[in-house]
Structure formats: C-alpha cells, structure tokens
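Here is the structure we will look at, set down as structure tokens.
The first chain written gets the first letter, and so on, giving A, B and C; residue counts start at 1 in each chain.
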Amino acid sequence: MDKLVKYISCGALATPIIILGIFLVQVFIDGITHINLDFILGSPSYDPSKMGIFPVIIGSIYIVGISSIISFLMGLGLSIYLVEFVTNERFKNLVYFVVDMLAGVPSVVYGLVGLGFIGYVLGAGRSILTGSITMAFLILPLTVVATLEAFRSIPESLKMTAYSLGASRQEVVTNVLIPLGLSRALTGSILAVARALGEAAPILVISGLLFTKKVPLSLLDEFTVLPLYIFNLVTRPQLIYKELASAVIIVLIAIFMLVSITSIYFRLKYSYRLYEV
Amino acid sequence: MIDEKVFEEKVRRENKFKYLPMLASLLPAFFFIVIISFVFFEALSFFQQVSIKDFLFGFEWSALFRDKSFGSIPLVWSTFVIAFIALAFSSLLGLGSAIYISEYASEKSRRILKPLIELLATIPTVVYGFFALQYITPALKIFLPNIEVYNALSSGIAMGIMITPIISTLAEDALYSVPYSLRMAAYSLGASKSQTIFKILFRAALPGIASAYILAFARAIGETMIVAIAAGSKPVFTLNILESMQTMTGYIAQVATGDAPFGTIEFFSLYGVALYLLMIVLGVNLVAVYISRRFSYLVSKL
Amino acid sequence: MVNIVIRTEYLNVYYGNRKILDNVNVDIYENSISAVIGPSGTGKSSFLRSLNRLNDLIPGAKVTGKVFYRGRNIYEDDVNVYLLRTRIGMVFQRPTIFPMSIYENVAFGLRINNVKDEDLIYKRVKEALIKAALWDEVKDRLDDGAYNLSTGQQQRLCLARTLAIEPEVLLLDEPTSYLDPKSTKKIEDVLLKLKEKYTIVIVTHSLNQAKRISDYVMVFMPDEDNIGRLIEYGPSSQVLQNPVDPKTREYVEGLIG
C-alpha cells in the first residue's frame, strides 16, 4: 500500500513535468529554425517569411526593466520599514493582508486600472510608462516576499551590536541590513522579474497593440511585449505561425535564462557567509 | 576622535529617515484603494445604463451586437466551469506532488524538485494558451471527435497544469510544517506511512491544503490569456465542455483588443464585468485567508 | 576618593506588563571591575542594557528611575543616545562578528561614526587589537574573514571592536560562557589590564570568575513574584566570603542557582 501511494504521488509529480517537458521540446524543434539574426533584429511584418521581433523585444526589456526596478525599490522600502521600524504586530499584519489582497487581483483588472487611472486620469497614455508602473504594482507581492525574507534572515544580534556601537537606525539599515540582505533580496526577486516578462493580459489592455513596427524609444511611446506577440501569432491558423510563435517562446525563455544567470552570478559574487557561533 | 557634531547629525537624520520607507509601505494600500475605487466608479457609469438585476441574473450576453443584452450569467458560468475543470486536474496532481515531495522524496531530490515545480509556475500563461490550442485540442480530438477548435476542456486542462504548482507548494508547506512529533507518535503506534499520511497528516494540514485549493481556484478564475486563446468568444450557458465558451476575463480581453471608444457602453461594460470579477476573486481569497487563520490554531495547539 | 561613574536610582525594568527588575540602586566605581552575579532570569542582562539604553530598542521595554552617568541622568529627553553608546560599550555572550574581514570588523564602529581618516582608523584598530591581546595572532591576516577565527579569538575581536571607539565603560554580558578555559583566561587577563583605563561591569555565571577578577560584586536574586532584585553589593572579598544576605550565602555556597 505504501509503495502504491509512493508511486502514484510520484506519478502526480511527474505528469505535469513530463507533459510540459515534451511540449517544450516540441516548441524548441518547431521554432529553432526561425531564429536567426534577421529574426531578432528585424521588424514584424505581415509576411511571415520576413518576420522580425526587435521592437517587441525592446518593448519587453523596457517594461520588465523599469517595473522590476520600481517594484524592487518599493519592496525594499516596505521591508526595511516593517523589519526595522515597526513594532506593532497589528500594523505589520495589516500590511501583509493588503499585499495578499493585491496578489489576488486578476492581472487583467490591473490592466484596466492602469489604463484608466494612470493612462487616462493621470495622462500617461497607452505608453511604456503606464505599462511599467502598472506592472510594478502587479509584481509587488513577489518583491515584498523576496525582500522581507532577505531582511528577516539577518540575525538580531548583528543589529544589536551595531546599535551598541552608537549606530542610528538609518546607519544600521545602510551598514547592516542592506549589505547583508541585498543579494538574497535580489535573487528572490527573480520570480517577480519572470512574472513581469511573461504577463500579457495587463499589457493587452494598456497598450492595445498586438503588432507594431515602431521601436519604442521614449517612455511615452506605444509598445507591445513578447507574450502579447505570441498571442498574436497563436491566434492564426497557418502552420508557419505556430512555428513563429514557438520561436518567440524560445526567445522569451532565453531572455529569462539570461536574467537568472546574471542574478545567480551577482549572488555568488556578493554573498556574505553569515558565520554564527 | 569622533566628532561631536556626528551625533547631532545622527539625531537629525533619524527623524527624517523613516519617512521614505514608511511611504513605501503605504503605497500598496494606496494602490489597492485606487484599484477598487476606480473599477467601482467606472462600473457605476455602466450600471446607470444597465440595471444591476438584469446584469446579475440575465442569461443573455450579447454586448457587442446591435441588440445589446447584458446578462452576465453565461460569462460567470463559463468562468466557473473552466476553473472547476482546472481545479479537478490540479487538485489531484498538486496534492500528489505535495505528498511525494513532503513525505517520500529524499532531501537531495527535494532540493531539485521544489525549484522545478516553482519553475513550472514561471511559464507565461500565453504559452499555456498556446499549449491548449495547438497541442491539447488536437490530442483530445482523437478521443472526442466532436470537440470544437475553441473549447472549455482544453483550456481547463491547461489551466489545471498552470495552477498545479500553487497547490503543490502550498500543500507541501502545510504538510511539511506538521510537527514531526505527530508522525513519530503515529509510527510508534505501528502505523504505516500511507496510513499516517491519510489519517493524521491530512487532518492536521487540512486548513493549509484547503486554502491552497481555494487560492488556486481564485487564480483560475482570474486568468485571462489561456481562455482568450483557447476557450473562444461565444458567451453561452451550457454544460457541454467541448463547446466554445467565453469567460469574464475572455470578454475583457476581447473588448480590449477591439475598438471600444472611451465612453461607450461597451467600454463601461468592461468595468462592470471587472467589478464583478474583482469581487468574486477577492471574496474567494478572503475565504482562503479566513480558513487558514481560523483553523490553523488547531495545529499550533499540538 | 574614588569616582562614581554610574549610579542607578530606583531603576525598574518592565517588558510589557511583566516587571523584570525592581528598584535597583547601585554605584559603579571608576577603574574597577564590578561583577553581576545571580541565577538565570533575574534581569542581569536587562540591568546591563539599561546602562547604555539598549533597552530602548526592545519593543515593549520600559525603564523607570534614573541612571546617572558622570552625574547626568541618561534617560532625560535631551540626551544623545548615540553618543552615550559610544561611551558605554557592550560585548555580548556569543561573538557577534560581521561577515567582513578582521580589520573591517574592528573598524566598523569608527566608520559608522564618520571617521574618515584611514591612517587614524588603522592606528585605532591596531591599538584596539593590542589591548584585546589579539594583535599578535592576527596582524598578518587582517584582511582575512573574521569567521575563520576561533570562538575565543572572535570574542576578543568583539572586544577590540568596542575598544576601537574608545568608550569609557565596558559592559560585558557573560562574555566567556561559550569559551574554553584557556580562552577564558586570556579574556580575564585582558580585562584585568583594561581596568587601569576603563570601568568594567561584567555579568557572569561563574563565581570563580567573579572571585578571580572583580573588585565589586552585585548579587541579583528573584523575589517571591520572580522579579529580580539587587539584594547585596559591595567589595568582592566581603560579598563572596562574608555575605550579609542569607540568600547570597546560599548562592555563593552553591546551594541554589
């Protein structure tokens, strides 16, 4: 009986992994032939044989880059405040609750609010700026989790030591919390970056564009992102589009791996070993 | 050696410093309020033209046609049907994975498997939609030749795989955090591993597992891209999961890609549906939070 | 006439609703070593933390009464607590080294207090390490990570770190609890030497340690409500050999605590 449960549960674990594994292999096979320099640097076109995705890549980089930075800073500030400045447990729980609620809002609703409030009311338009700010709040719960966990793991004794040497709260934050917690916070934020890279629904609403030949240059430009372009390609019946969509998926995965590897590199370079007696 | 002025400076800085982090912790609340109020106010414009009763209880949704009707039941129904399909798949796969990782896997395997499952969760939902349309539907067509190109079942399955990591990680956390003393007690009474799991651990971890299911369900309800790609744009009220259906999120995606000029009723219908969706999702989330808080004291008392 | 460096008057410490210490009145004399002894949980560490206002940082901690440092009540509103903590330094039970080099650990206090002159920093670090009897052991590897040191060396490093900012008073909370006898002896020798320039208050669980190094002894005991009280203090020779209070006698003779 025990063995049975073990095998069934192992099977349950393996099933999605294997299914998706096969899927991704097939995607790779379908798409790899389309990936070349012209594809990456070229412009989208209505002729599938001349397809390029450069403006879309730029759009994604803008959105992911800006929203990650904004969200990380917000998460950083919030975690520092809750870990070092707040002693009232009720307030802390309230903040956690609000962050949980934010995490529950459907991504498409973020898009609607982003478009309506930031785009129209605040006047930023259907631009990269609107998209980035909206995305920053969407991934905020993930950056909060990462930064909180990083700062909570710093031993109280080290902070006490700094205080006993005459440090002010601000100095403890800059000289103890941040140097010791930053690398962990950054690696934890990888999930947030992945989310920003892959989210299509909010950008769909905010930008409205599934296709653009224009490379976005300023923050107020219109744009589209890689997952949205996949959406565009996927809805077309011809086989060539299935392959092109696969190719864009490969590019998306490649960008994500690049970001992960960079973050792991930084983590290894700057990690401190906390040696406790 | 240490300048006296340094200390006055510290006091001065201390008073000013806390404002920036304080601001950062108020921003989430601020934006949450913005979300709720904004959706609410835009939806008000919608409900000035469409009665709430017609909206909530109407069976006909034809918002984009000449003769408009705004009965939301088809959208809501489709949303729940697909979410239930997803939950049906993920509940077994997710729980099974959680059991394996928590109870059977070695520490070494655990360290590989946990991140692997979490990696699944980072796959963009468009990719799942692609998977549903181009892989699942053709595969299902072999067994179910009546299946439409856009249908609920494929979307549901893909969504199920997508939310499996949510159930898996949360349920695994719940199982893992059951105190070892409980397992010890069971084993020392001669219980086998599977008996311990099903009779003891499940009971103890039940609040965590239940809230995992509920949270995954909420996620499924709010998901857009999979259904936009694979489920279709026909708002119908049917139990036939081989047919195409349109969910609340699917409708929003459709109108957003189309041309709904600002101020038209189509535009405001977006916010009406969004408000409804938001309330459902947040409500479900609150239930999950309530369950895990209200009942987890049972474990802490042990 | 020996100067009083610290005097407490009606010092009470509360954590939330629980009272930890009741009515402590004591004088601490310049250039002496005062040992604080008593069973666990009688508020000895809380007492120490009240002397440099480190209790301020513990949520829910409240201190009433007065603590005079060089004649001034440190709990008055206009006292600069950061300055205070550089004058009254603290070493904890477990070595709390930062994940940095040996040099940077000792320099930490100087850097956060805005000392920028690298030559001056080097001078102070060297002096501090010499005073803590660690210089000879580390002078060739100042840039090594501090975590490579043995526990005893780490604790001396913590002492050096505090000494680097040139405090006047040293508070030590059971600094040798986790050390082997050889390291313990090294630290005790250091303290005896430091006493010439510094005023030292040391919490210790070891009566023998108190006998070996202290000039004065303070005895803390729990009362019926488990609140810590200072039941006796005076010169060590007197308190340890001829205690006045019967509870002290019981403790010193090893019958309780």
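The definition used in the following text is that a contact is a pair of C-beta atoms (placed from the backbone, for glycine too) under 8 Å apart; a residue touches a chain by one contact, two chains touch by 3 or more.
Owing to the predicted nature of the structure, the values given are computational and were not obtained by experimental measurement.
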Category of the chain touch graph - line, ring, star, complete, other: complete
Pair of chains ranked first by number of touching C-beta pairs: A-B
Taking each chain's C-alpha mean as its centre, the one farthest from subunit A: C
Where subunit B and subunit C are represented by their mean Cα positions, the distance between them in whole Å: 54
Subunit A-subunit C separation of Cα centroids, rounded to whole Å: 48
Length of the line joining the C-alpha centres of subunit A and subunit B, rounded to whole Å: 17
Contacts with 2+ other chains: residues of subunit C: 82-83, 86, 113, 165
Residues within subunit B bordering two or more other chains: 7, 10-11
Touching two or more other chains - residue numbers and ranges from subunit A: 166, 168, 171
Subunit C to subunit A touching residues, read off their complex: 52, 54, 57, 59-60, 82-83, 85-86, 89-90, 92, 94-100, 108-109, 111-113, 145-147, 151, 154, 158, 161-162, 165, 178
Of subunit C, residues touching subunit B in the complex: 80, 82-83, 86, 110, 113-115, 120, 124, 165-166
Subunit C-facing residues of subunit B, complex: 1-4, 6-11
Complex interface listing, subunit B residues touching subunit A: 7, 10-11, 13-14, 17-18, 20-25, 27-29, 31-32, 34-35, 38-39, 42, 92-97, 99-101, 103-104, 113, 116-118, 120, 122-127, 129-131, 133-135, 161, 164, 168, 192-194, 197, 215, 218, 221-225, 228-229, 249, 252-253, 256-257, 262, 270-271, 274, 277-278, 281-282, 284-285, 289
Subunit C partner contacts - residues on subunit A that touch it in the complex: 87, 155, 157-158, 160-168, 171, 175-176, 180, 272-277
